[in-house]
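Next come two complexes built around chain A: one with chain B, the other with chain C.
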Partner chain A sequence: MGLAGVDMVIVPATTGQMGVLPGHVATIAELKPGVLSVHEGNETTKYFVSSGFVFIHANSFADIIAVEAVPLDQIDANLVQKGLVEFTQKLSSATTDLEKAEAQIGIDVHSALNSALTG
Partner chain B sequence: MASNAAVPFWRAAGMTYITYSNICANLVRNCLKEPYKAEALSREKVHFSISKWTDGKPEKATLRSDSPDE
Partner chain C sequence: MAMAALRREGGRFAPLIYPRPITAFRSSPLPPILENEGPVGVRYISTQVVRNRMKSVKNIQKITKAMKMVAASKLRAIQTKAENSRGLWQPFTALLGDLPSADVKKNVVVTISSDKGLCGGINSTSVKISKGLHKLNSGPEKETKYVILGEKAKAQLIRDSKKDIELIITELQKNPLNYTQVSVLADEILKNVEFDALRIVFNKFHSVVSFVPTVSTVLSPEVVEKEAESGGKLGDLDSYEVEGGETKGEILQNLAEFQFSCVMFNAVLENACSEQGARMSAMDSSSRNAGDMLDRLTLTYNRTRQASITTELIEIISGASALEG
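Presenting the complex of A and B:
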């Protein structure tokens, strides 16, 4: 994505949607799967972030670090629905803690993708 | 000083953050439309060589070339 000067970004922190404006206090926050929206003037560009961190520096620079960040129009709604059904089933048939955790991650990510597309 | 935040469920199940983050990324990649999906799957591939060292010398190297898996 690279460097850009914008008015505000809203990041999906684990503690909830966090709005970041110039002059924000320096913060490090962990991100959960969700929508990142970049606001500039009247335009908003939205991306889905798989997970990661946001570093907000004292000089009004913010770095968003994510393994995957995709524009919302690259997401296929059918695949999201299929995935949600599949992982909900996996959770009910999971036995070990690890399997349950993996299934729960699948549900969380697909629900977040779903809300991103419908929200 | 003990933290009073709840431990995330994946950490409680014995998973590390990096495993969690990679699983999330793979799930997102699998939900992409074509042609983005093909490009994304190529990002999942790893290709590296690994060797154990003893007495300051490397032993036989093994080449790992993992393609994306579940």
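Presenting the complex of A and C:
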């Protein structure tokens, strides 16, 4: 969506939070739902990403492609709680593997949202 | 013979003219005066037919003008979306490159077209390119299949390539286009169709008057590996460390699917913009033509009217002078 020069970016990769600084080795990483924070000077902007990929190129360019990215202040805490409860219920009442997987995904996203808002 | 001459000049008045053996007619660009024969041999001239014609042409002009306005407003709404979505696939191309020349066994051509007509020639160009790709990629051991989005391409391709069509999807634009809908679509295609390379044919929107037919290529992970080994743009792919996940192959698989849905999203939006732009220009030229036609008809109408008045006057005057003298 935009091109900006920043100091550091912390991305929620499937292997955990990954910090990317200029000169990072070229990498392709898949993202899991979590918080993306962009550090520029003293300012930090945080976004919640649902999932996606990050490509880090050898020339210190990083491309972050996310399916959905929301600034943290636009997330409603109550809806997050309700969603978490709903998906936990669905997981316990799920019968097929597909339903279980879907419910598990819902729980993952919502608990990540929760920790993003609190942490 | 008179009818034939009229048809050459556009045939506008062909049904109105009674066959008359006039040889001088062929050179005259003006249509003759309309004459009907009354019951007692009295000749009167009718302007009714021309008037009806003028009314219908005026209505058509109004309708096409309105359609142009509607297309312009729809274009404005969708154009910002399309321009924003361009950033979605650019990182993929930066990483993996766009390789239309990749030689693969199983090609799938995804043709994107509109559902509604009256949008100029964009659908025909898309279909022409799809057929060209099919021909280019056919040969021993190679096969090409179609996935069709939109009614117009379906109508054209179903005639001669029916056996090569895998999937047909229509009514895409019933709800405003968004990523979720397109990703579901992409999922369907990926599930049902085996492919080594997906070639997406659409019209890229450069400006309101220029739409360029484009082909975007998405390669399956196996082909990406093969191309990476053979060097070239993809040769750098191995220099990237792949973080997380179980194996590099899985990550590449996810990557390919994500790339496909991003490229599809952008392609569908661009095609929608091109459709609206093409409709705008088609309706604009149509209203202009209707205006020209109306001018010509008005001239004929006035001439007919004046001729009938003159004829009446002549009859009255000659009748009066016959009585006197």
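Everything that follows uses one rule, which is that the second predicted complex is superposed on the first by the 118 of 119 C-alpha atoms of A that agree within 3 Å, B and C clash if a C-alpha of one lies under 4 Å from a C-alpha of the other, contacts with A are read in each partner's own complex, and residues count from 1 in each chain.
We adopt the following convention: a contact is a pair of C-beta atoms (placed from the backbone, for glycine too) under 8 Å apart; a residue touches a chain by one contact, two chains touch by 3 or more.
Note that the structure is a prediction, hence the values are computed from the model and not measured.
When both complexes are overlaid on chain A, the residue A:13 reaches chain C alone and has no touch with chain B. Applying the stated contact rule after C-alpha superposition, one finds that A:98 touches chain B and leaves chain C untouched.
In the superposition on chain A, contact of A:109 is made with chain B only, not with chain C.
Judged by the touch definition given at the top, the superposed model places A:57 against chain C, while chain B stays out of reach. Look at A:27: by the touch rule set out above, it reaches chain C but stays clear of chain B.
Of the two partner chains placed by superposition, chain B and chain C are both touched by A:67. Of the two partner chains, chain B is the only one touched by A:48; chain C is not. Residues 14, 52, 67 of chain A lie in contact with chain B in one complex and with chain C in the other. Interface of chain A with chain C (complex): residues 1-2, 13-15, 18, 25-30, 52-53, 55-58, 63, 65, 67.
Across the complex, chain B is touched by residues 14, 33, 48, 50-52, 67-68, 70, 74-76, 79-80, 83, 97-98, 100-102, 104-106, 109-110, 113 of chain A. Those residues of chain B whose C-beta lies close enough to touch chain A in the complex are 8-10, 12-15, 20-25, 27-33, 36-37, 40.
Of all the residues in chain C, the ones that touch chain A in their complex are 84, 87-88, 90-92, 94-95, 179, 183, 239-245, 251, 254-255, 258, 262.
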